[in-house]
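Both of the next two complexes hold chain A, though its partner changes from chain B to chain C.
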Partner chain A sequence: MTEWEIIWQQREIFISGFGNTFALFFAGSIASFILGVTLLYTLENGSKGVKGSVILVINMMRTLPFLILAYLLYYGLPQAGIRMDAFTAGLISLSLYHGTYFCEIFRGIRKGLDSGQMEAAQACGFSRFKTFTRIIIPNVLLRSLPLIANQLIICLKDTAFLCIITVGEITAAANSIQSTYFIPLNAFIVAIALYWIISIAIEQVSKITLNKVQDRGLSHA
Partner chain B sequence: MLNEKIHTGPVETPKTVQETAPVVELPVQYPKSESNAQDIVKVVNLSKQFDGIEVLRDINLTIKKGDVVSILGSSGSGKSTLLRCMNWLEQPERGSIHLGDERIGINPATRKPLKYKELAKIRERIGMVFQSFNLWPHLTVLRNVMEALLHVKKMPKVEAEKIARAQLEKVGMSHKLDSYPSMLSGGQKQRVAIARALAMEPEVLLFDEPTSALDPELVDEVLTVMQSLSKEGYTMVVVTHEMEFARNVSSQVVFLEKGILIEKCPPEKFFTHPDSPRVRQFLKLDGA
Partner chain C sequence: MDYYGWMQLLQGAWTTAWISMVSIALGVVIGLVIALIRMAKLPIIDQILGVYVSWARATPLVTLALFIFLSFPSFGINLDKHFSAILCLTLNTSAFNAEIWRNAFLNFSSGQKEAAEALGMRRMTYFRRIMFPQMVVMSLPALVNEMSFLIKGSPAIAVIGVVDLTRVTNRIAAVTYEPLLPILCAGILYMCIIGVLIKLQQMAERKANYLAG
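And now, the complex of A and B:
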């Protein structure tokens, strides 16, 4: 039996690993995206104290290695009486961690926006909330597309860390197969290919969106 | 007069005093009696500082319905700041601004700043056109004009679109409804911005150097639109460097110098025999 035949026989492990990775990535990026937008809203309209603490939390989160955060949630919290399964802990740490990165991206783009647009909204009688949802957010998102795509790929790759807290994703699948059958080269090549598939999909979607935006010279909301 | 009678009249029972008390306080809280029904905007003793530097000093200005007021002055004279105070984009330290019977920015009863939502309610009634157009780049021309109707006035989409189309027609931009701002020339952008302000049916239109960012060739198309608005009876306050416009279109010309209003008169007088020597110098009327 060749090494590739072993991989094929054990495909179930890879398929379920791929499913887990994709689920973590998909749910995690949506949650972190929402978190990023919410944090931006508090930075936009919160009191000075709120803004200061949000920025502090963002900086603390960004300077923390992702693995430590996952450890903290999965191994640390049970000590405080909060228990969750590995997948949930992984998903929450992914969302928190990348949510702050998303916010940081949005914050940078927001700073570069021409303030005249917001003044025009103000002068038309827009509420703070409507100025945020109708003017600020569409502009920020359209301008941060390449950065968002980049962050999504980092988010995808960070799911690999979660094999350490026993989440059965792609890296865990490859690891279990290579250690059982001693075929690390083949197992990891398959893992790499699976990550590539998702990454290429992200890149394609972002490219199509970006083209649409550029066609219209910064387009629709 | 009424107040005097109440105060000097015999106090009969505590009950009567209580009943009349609100009547006594009314004129103090709402200085309605002073304002003329025709006055749209009233600026009273307005002063404003930036980092301790006085940019506006004790400005008084009354704008009547249908007035077209041109505000002239050299750069840094405070004319844009005065205009921006009128819809509270800048907050003055002293004095007050009134739109009709309402005070802008400050609650007259509590003397505290208005809440953002209350301020927004008043801003709805004031249209503003900016030097740099400030169109929303992510929206088409039509949507730029509809946006505030939909999300501030909460109008149904069909109605908002009808109004937006009509206003864009008025400024001659009907052929660009589906274009994005980045595809337009400066003059076209400014005309869309004017349509956006008009769509809200404002009681007064503020123009902050509307032609200063335009190529000389494009200035006229914007001025033509503004001139036709003045003929329709819109009340307009225009900060400008366009002397021809000030002379031919406005009903009042105001001249600011170092934050002080030094001349306010009809254009015929302003451009021929102004009182202030500084204005004579500005217009190079004395020759040499």
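And now, the complex of A and C:
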């Protein structure tokens, strides 16, 4: 199997591609998570105009393909005088896009929350910020665990789009190897396997966390 | 952007639309077939389909499109790029649709089946007259949601050279050296297409809730 030997010789490219994908995914998901929580806070406590504009942005993002946003940041913005490299543009678009999706998930869960706890917190003299951090956030996060895992897998898959704007991640690594050695089958099998492994890992982690949460009785918090 | 640029943009939108529509139609039907086979619980086929669903849900569309387009010729199968694009999108969406249909199966109340059996209905008649119509209504919101996900993922086919609504912006920018306007216009076109689907999803949800309640 000389083809597999070539793949093994070129493992450096795959390892750096995997590193890039993982860095994008990890940094992007953390940034978008924070953005999602922040947006939820503004939806909770912001003025009417702010709320309206946040909802408008969320609805716009929901109808936009991820690649168009990445194109806009990488190809479109230089025309307006803002230039960044592919990795930064990819990371920013990933965070913005998935941040709004996270907020949409949290908003859906927040709507279903019982208002009793919030009223109790208010009666106990909690400030709005304290109510948010101590009551709303734990409730919302623990309930949305399966949806968060799902969104993380979508986020991982979206990093593959960034090879189109020349970020050197797994798909780009596979593509460069196949174009040099003409072994598309092996190169892409490796790439797909890598993606599969990451997403199975995400699923397992979310399953374990969900079990832990249910064991400790936090899911009905 | 001149008249020619606008025409190119609309042509790209049409390419995206027809490729997505073909994939959606195939994906919904294939998903139903996969769900039916999995519900029959045939020993080995069931595991294979389970692995397929897990695989297709984890594979990014870009990687899948490149994989299909580049590695099939090494088996001696030469694929047209539009055909590869449809194959790629269909493979991906079928797996998601199969899960949606399976969910509808699993959540179906058994009382109706017992009632149908008590009336002496055959299984095929029961499925066609009672189970299937309700399954369609129940899973329609999720199916429409998956359709909008498919269209959001469809720019992936640009990577194998299909001139869709995303790639066409590059072409226009290559002539005018002004990428911002075509990208924004493409974004607005996507918003219109997917916005219609989201409205449809909300309508389907209301209908499903009405029937469930």
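Brief remarks on what is shown
One rule holds for everything that comes next: the second predicted complex is superposed on the first by the 217 of 221 C-alpha atoms of A that agree within 3 Å, B and C clash if a C-alpha of one lies under 4 Å from a C-alpha of the other, contacts with A are read in each partner's own complex, and residues count from 1 in each chain.
Rule of thumb we're sticking to: a contact is a pair of C-beta atoms (placed from the backbone, for glycine too) under 8 Å apart; a residue touches a chain by one contact, two chains touch by 3 or more.
As the structure is a prediction and not an experimental result, all values here were calculated from the model.
In the superposed pair of complexes, A:A27 makes contact with neither chain B nor chain C. Ranking chain B and chain C by residues of chain A touched puts C first. Look at A:W196: by the touch rule set out above, it reaches chain C but stays clear of chain B.
In the superposition on chain A, contact is made by A:A80 with chain C only, not with chain B.
Of the two partner chains, chain C is the only one that A:T63 touches; chain B does not reach it.
Of the two partner chains, chain B is the only one touched by A:A123; chain C is not.
Of the two partner chains, neither chain B nor chain C is touched by A:L147. Residue overlap on chain A between its contacts with chain B in one complex and with chain C in the other: absent.
Residue ranges on chain A touching chain C, taken from their complex, read 60, 62-69, 71-72, 75-80, 153, 156-161, 163-164, 170-171, 174-175, 178, 184-185, 188-189, 191-192, 195-196, 198-200. Contacts from chain A toward chain B in the complex involve residues 114, 116-117, 119-128, 130, 134-135, 138-139, 142, 216-221.
Chain B contributes residues 87, 89, 116-117, 120-124, 126-128, 130, 132-140, 147-148, 151-152, 180-183, 193, 196-197, 200 to its touches with chain A in the complex.
Of all the residues in chain C, the ones that touch chain A in their complex are 54-55, 57-64, 66-67, 70-71, 74, 148, 151-156, 158-159, 166, 169-170, 173, 178-180, 183-184, 186-187, 190-191, 194-195, 198.
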